[in-house]
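I have placed the structure first, in the form of structure tokens, so that the comments after it can refer back to it.
Going by the order they are written in, the chains are A, B, C and D; count residues from 1 in each one.
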Amino acid sequence: MTAGSRAAASAALRISNLRAGYGKARVLHGLDLAVEPGEMVGVAGPNGVGKSTLLKAISGLMPRMADRMEFGGAPLKQSPVDAVVQGIAHVPEGRRVLADLTVEENLRIGGIGGRVQDFASVRQGVVDRFPSIVPLLHRKAGLLSGGQQQLVAIARGLVAQPRLLMVDELSLGLSPTAVASISAATVSSCRELGASLLWVDQNLAILGKHCDRVILLRDGVAVDIDPRDTGATNSAYF
Amino acid sequence: MQTSGVRTRRWVPVVAALALLIGACGSGGDSAGGSAEVGVSADTIRLAASQTLSGPGAASCAPSTDAAKLWFDKVNTDGGIAGRKIDFEVLDDGYDPARALANVRTFEKDKFAMVGACGSATAAAIYKTLSQKGIPFLFPTNGVSEVVKPASPGIFQVLPLYEDQTASMVRYGFEKSGKGSIFVVVNPLGAYQSAIDSAKKQATDLGGTFTNSAVATLGTTDYTPIALQIKQAKPDYVVMSMGGSDSAKFVNALVDQNAVPAKAILGTTASVAGSFLSSYNPGAASKIFFGSAIQLPAGKDADCTKLLAGTPAVDDPIALTGCASARAITTAITETKDLTRANLMKTIEGWQKKEVAPGILAELSFSSTDHIGISSLFIVQPQGRAFRTIATCPYGEDVQSQGACTAAA
Amino acid sequence: MIIGDAKNRTLVPSVAIAGVVTVAGLALPLDPALQYTLIGALAWAIAAIGLDVLVGFTGQVSFGQAAFVAIGAYATSAFRLSMGLPLVLAVVLGVGVTGVIALALGSVVVRYRIFGIATATLFFGYVVVTVLTGDTFSTVFGGANGLAVPEFAGLEAGGKGYLAVTGVVLILVVVATCLLNDSQTGRAFRMVKTNEAVAASAGIRVRQVKMISFAYCCVLAAIAGVLYSGVVGYLSPEGFGIKQSVNIFAMLVVGGAGTVGGPILGALLVTILPGYLLRDGHVSAVVFAAVLLVFLILLPEGIYGLVHRWATVLGRTVPGLSAAALRSRSRWATAGRAGPRPPAETPPDRRSSGSDTGGLALEVDGLQVRFGDFVALSQVDVRIESGSVHAIVGPNGAGKTTLLNTVCGLYLPSQGDIRIFGSSIRGVKPHRIRDRGVVRTFQTPAIVPDLDVVANVKLGLDTDLKGSLWTDLLGPLATGGRERVLESRAQWALDAVGIAARRRGMLARNLDLSEQKRVELARGLVGQGRLLLLDEPTAGLSADEMQALAQTLRQVHRDFGLTIMVVSHHIGFIRDIADAMTVLDYGRVVGTGTPDDVLARADIAATFMGVETAPLAEAEDL
Amino acid sequence: MGLLLSAGISGIAVGLLYGMIGFAIVMLYKSTGVANFAQGTLATLGGFVCWASMTDLGLPLWAAIVVALVASAVLGVAVYFVVIRPRPSAGNLNITVRTLGLSLLLLAVMEWRWGAGAPYRFPAIVEGTGVQVADFVVPAQSLLIAAVAAAIMGTLWALFRYSNVGLSFRAMAEQPDTARLLGLPATRLSAATWAISAVLGTVVAILLAPSSFLAPSTMESYLLFTFTGIVLGGLTSLPGALLGSVIVGVVSNVTIVALSLEAGVLVVFALLLVVMLLRPQGLLGRPESVRL
């Protein structure tokens, strides 16, 4: 495809005995997780179980302890800046687009922190992959609909040329059609870029449909489940 | 309650520490002089000053006590006064009358006399206490009339009040360039309202007119608005009673706005300072006339000129005044046989046309009812980075009795 | 008796500090200059305590405290000199004038946060100095040259007698401030400091509380001014400038903000160190600023906190000291037990109408809420039957919390109307809405971390704060009866939500999350709440805790017929307790009815359960 | 009338100076949440570095200005790391008071080192008679001030609008957490903000010093009016800070000329209170959504 798609070689994420939480309230107690290069991994679980905490711990946004925490063979430092440089892009829960900035500026911001050499071509690659973003480029991100914002947030993550893209609650507050189209575009982008995907969502069905592997978080530890069996598991925790 | 143990336990050490602190401070303080007069022993005379050493006024005030210190040091190296060395302590009051008063309270137990320093407000705050306790307060720079008029016991000053100075300057201006209209600008130095009123009275008495006045806080950054007012009013004279650098800023604003008055800018001793010379715009120099307590440039052979030679203070009128005042103090002490506060005051009250700092100060005369010593005011004009004396005007308590000024040679 | 009963944290050590300083000053043969400085320090300590009430207790700021000291001092002196009033009358009038000016300025500045209040008070300080210096009032105030203050009833300015008077006034101020701190007003101060929005929805008149705090701060400044003017004997504008305001601020920072004893220690250090020990102006200015910065950056708890920390460590290591502490503990504990014990079960008065059944508790009609260009809620209609449990569900960002905030008055609707028990809340302030029985909890528990559990719950009873400042200043003598009622109701509410008795004396910050949520719920229950708004009460709770909460809610709902409006993500929880539910998405209502009916709808199930079916009617095409 | 018009024009000149300081304060406040009460003394210190470079090192004016600007950038960064960054959990009030403490410290150091000879006459960067507008002579220095103010504000505007650094500032101001998540170096950006605001302050001090002279407390009264201008303008609005400052300058100068210096202070304060009462969000600020 375009220049943007060739750069990223994927890398493996290895975590063992991860502990993290907010102040006194510990959320994760000794979690093990591995994401292989190029693997699409979904993480499901009810509210408050620590899905977002997991992603924040990986990107270094919150304090954590672990016996091992490596990405591409190198240890992960406790700093979001380093995580981005190492090739981890984090699309936070609730999109968190920069409301006062235009969509174009949001994309530019995504390219500042990372390991991007040729921003223009990377950006072009991402925009090509999300054609519906083109007419929005000069609008303020805060005025977009939820689905459009989610798209911008994911595109903003992708322009950092990640080797691992982490998406928190992609489906949150979106209509099923929006969820379907954004999910498809995200997964295919990752596959083309050769990036792994760590996708946290309450919507187990959508994870099952798109991911290679789905993990269920319960009481701060991870249980692998069969992605084809997600329908049955769904009602278990609602 | 469950946790009350932790709560109550904490105060025990707090209080213990506190008691230690107070105790430590308290043990510092008792010493009593054993001689006949407070502050005078067989080998020492203790003098002190409360001076503006910090804050905006520090730069223009500090040189006076610094120079006094130099003078006392010289006296000490020369053997002191009748075998007694002078011990001189200066405390900072930051131009805050309350702090000045606090300083006086620390001085009152073991100092013989207070050496005057900067500041009308500080002098006004402390003079009553000093007077009541019989502590001499020698030659402060003060513009508040109640401090010296009527004469308070022990309070003597060299400089005339600003209200008398503005009147004298108006008189000098009218004498030199003819009568006209005046605009008065003052900083709140001393009784500034009286300074405005007396200039106004003098101008109208002499057949001139008063257009307006303005008051600006000391340290005002932008004098443009006042310059604009003056430009509108078009007075013949601007009369000012302002601090050194404020005078310079004000004069500069007048020049910038083409608002320099037709005839002259007349100022008081407060403007005669190094800070004026270093900052004024010489464009208006020929129209500027200031009253000065000291002759400028000072006589080459004067003790203080020699003492300050080689230091930047030699050109600083305030330092020269400080040194000359210190010289007057040592003269008075030397002339007092049995050194008590009362005798010192008598010595000074006895001075008639006394030369205490020839080449710098004019002759001083005091009496039991007149505690302002100066007998003539020098008129100085800035020239480049120095002042030059261009005339001498006789000065007396009664403005009407003042004679005509004589131009300097 | 007062001391023991009030179980006040700060009263004993604070009075001890003030007392020791005063007694030491009286007993020791002090150097006159030190004695003079010490009296000044005690006077400034009063101003610093006042400022601490505003800053440390209420979380506000003032950079103009010295100006209020000046107003008190000048006004009193002017009443004596210009009008010839006797001393006592002049002092009363002088302090009163200061209070009135403080209320006037306070009514404007309390609307602002730090930046605005700091600027306005800083400027006010400048204005006061300018007016005092200026010639307009120079005949009264002496202008730049200042004003000589006549002696106070024969007390020598720097003498022991004056020291004794100043010390006694300081001790009285300390006692009053500690009592205030421990009263309902004091608790309201803390709550405002913690979170103004939460305080407002708990029924606290936030602006009024801030004004009380501001006025108290300034009145203490005025008292300090009177004492200071007497010891100095001379007033000039110079001494009350911005620099002195910063000095007072430094006193409480260095001493320990948020305590009563701290500012006294700070005043001693800040006044005596530069004024007496380090006499060189330049050195003391540099040392002073450096000390202030070191405390701000490295020791924000101040001397008081530092000594307390040492004392705790010391208490563990030195047996004698801890034994002494133990003795004192048992004594206080006995005193506490000896006090009147509230009856264990005293449910709050219910309204005469009895429980709310029949009619509508809440009607939301065509509600629209906008933030600038963003429309958070549009055309929202909700009806909640009295006595029912109604759930609001929807994805993040759907507008659920916005809806709660609008119902309790924190946000203004741009269109539409909300009626609570039949009457509109248009233009009604949050605390008034609270008075109508609307009680609210928050997603993250909005408790006051540095108050104990019981005090936190008492805050929910803030319905008759008005006019209580005066009685609060008198402490248990005047408020003992009310406090007992508060105490018993708080204990009852804590019983209701199942907080163990041994946890109730702890600081709220030390509780775990589910307990904090229950404390918040207890605060909601304790007042005469009729409509309970719960925002994500289940977030972060384990399944067991959630079940326990559901049971608690069912119980209070049954016992008191409360109407409950609850926002939650947990469908199971909602099915468990709700009679009806409304589904929000993109700020609009997409479904309403009984939980079973609504959740049976395929489109809604899709949103929440991830079952792919036909898109929602209003779904966007990206 | 001509007099008041002149006063108004002179007020605009002063207001531009307030506005430039205000720009620096608002920039810091927006991106780091700190109201910097040390802005004035930091600026004065920059002015003194410039002055000392000329008198002690004998550098020509332009070189001294360069030295001062570089030194203030370094100082700004140092202030951030030593005074502001440690213990961020202490809260905004604590950190705001830290800036006051810093201001006292810098003032004390300047008094110690340079207080004795102050105020110093500072060389004007441009000489000349200036331009006559109505009755008012706009001095050449004021024209320079206007030009520099326009250039600085234009540059800052372009920086914020177009450059990656500016974009990062805006992201940090809007959502600090998200900015960190996107790998923006928050620490370096904050340090840079402090450097820029210190440099801006020094520029103002160097422009101001020729007319108001250089003394440790030179900027104090300016700072008060600057903060007032910011509150009038709306706290977080850069154009608001400029507008508010110019209004303060004009109102103050017109009142001084029409009435008295004292009245000038009182009228500006009254204006502040009226705006706070009637338009709490300031002239160009956004209203707060929560009411209490």
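As a working rule, contacts are C-beta pairs under 8 Å (C-beta built on N, C-alpha and C of every residue); 3 or more make two chains touch, one makes a residue touch a chain.
This is a predicted model, so every value here is computed, not measured.
A.B. asks: According to the touch definition, list the chains common to the neighbour sets of subunit B and subunit C.
C.D. replies: D
A.B. asks: Trace the shortest sequence of touching chains from subunit A to subunit B and report its length in steps.
C.D. replies: Contact-graph shortest path, subunit A to subunit B, evaluates to 2.
A.B. asks: Determine, using the mean of C-alpha atoms as each chain's centre, which chain is farthest from subunit D.
C.D. replies: A
A.B. asks: Would you mind telling me which chain pair, A-D or B-D, is linked by more contacting C-beta pairs?
C.D. replies: Most C-beta pairs in contact, of the two: B-D.
A.B. asks: What is the distance in Å between the mean C-alpha positions of subunit A and subunit D?
C.D. replies: 42
A.B. asks: How far is the middle of subunit B from the middle of subunit D, if each middle is the mean of its Cα atoms, in Å?
C.D. replies: Centres of subunit B and subunit D (C-alpha means) sit 36 Å apart.
A.B. asks: What is the distance in Å between the mean C-alpha positions of subunit A and subunit C?
C.D. replies: About 41 Å, centre to centre.
A.B. asks: Once you find the CA centre of subunit C and the CA centre of subunit D, what distance in Å lies between them?
C.D. replies: Their C-alpha centroids are separated by 34 Å.
A.B. asks: Among the residues of subunit A, pick out those that touch two or more other chains and give their numbers.
C.D. replies: Touching at least two other chains: none.
A.B. asks: Could you list which residues of subunit D touch at least two other chains?
C.D. replies: Residue numbers touching two or more other chains: 111, 115, 260, 262.
A.B. asks: Would you please write down the residue numbers of subunit B that are in contact with two or more other chains?
C.D. replies: Those would be 54, 58, 215, 217.
A.B. asks: Which pairs of chains touch one another in this structure?
C.D. replies: In this structure, the chains touch in these pairs: A-C, A-D, B-C, B-D, C-D.
A.B. asks: Hey, which residues of subunit C end up touching subunit A in the complex?
C.D. replies: Contact set of subunit C toward subunit A: 373-374, 394-398, 512-513, 539-541, 569-572, 585-586, 606-613, 615-616, 619-622.
A.B. asks: Can you list the subunit D residues touching subunit B in their complex?
C.D. replies: For this pair, the touching residues of subunit D are 2-3, 6-7, 10, 14, 111, 115-121, 130, 135-137, 139, 208, 211-213, 215, 217-218, 221-222, 253, 256-257, 260-262, 264.
A.B. asks: Looking at the complex, which residues from subunit B come into contact with subunit D?
C.D. replies: Residues 54-56, 58-59, 62, 214-217, 219-222, 224-226, 228-229, 231-232, 245, 248-249, 252-253, 256-258, 275, 278-279, 312.
A.B. asks: How about subunit D: which of its residues touch subunit C in the complex?
C.D. replies: Residues of subunit D touching subunit C: 29, 35, 37, 83, 86-87, 90, 92-94, 96-98, 100-102, 104-105, 107-109, 111-112, 115, 220, 224, 227-228, 230-231, 235, 260, 262, 265-266, 268-269, 272-273, 276-277, 280, 286, 289-292.
A.B. asks: Name, in rising order, each residue of subunit C that touches subunit B in their complex.
C.D. replies: Counting only subunit C, the residues touching subunit B are 7, 9, 12-13, 16-17, 20-21, 24-25, 28-34, 36-37, 40, 130, 133-135, 138, 143-146, 148, 158, 232-236, 238-239, 261, 265, 268, 272, 275-277, 279-282, 285, 304, 307-308, 310-312, 314-315, 321-322, 324-326, 328-329, 332-333, 336, 502, 505-506.
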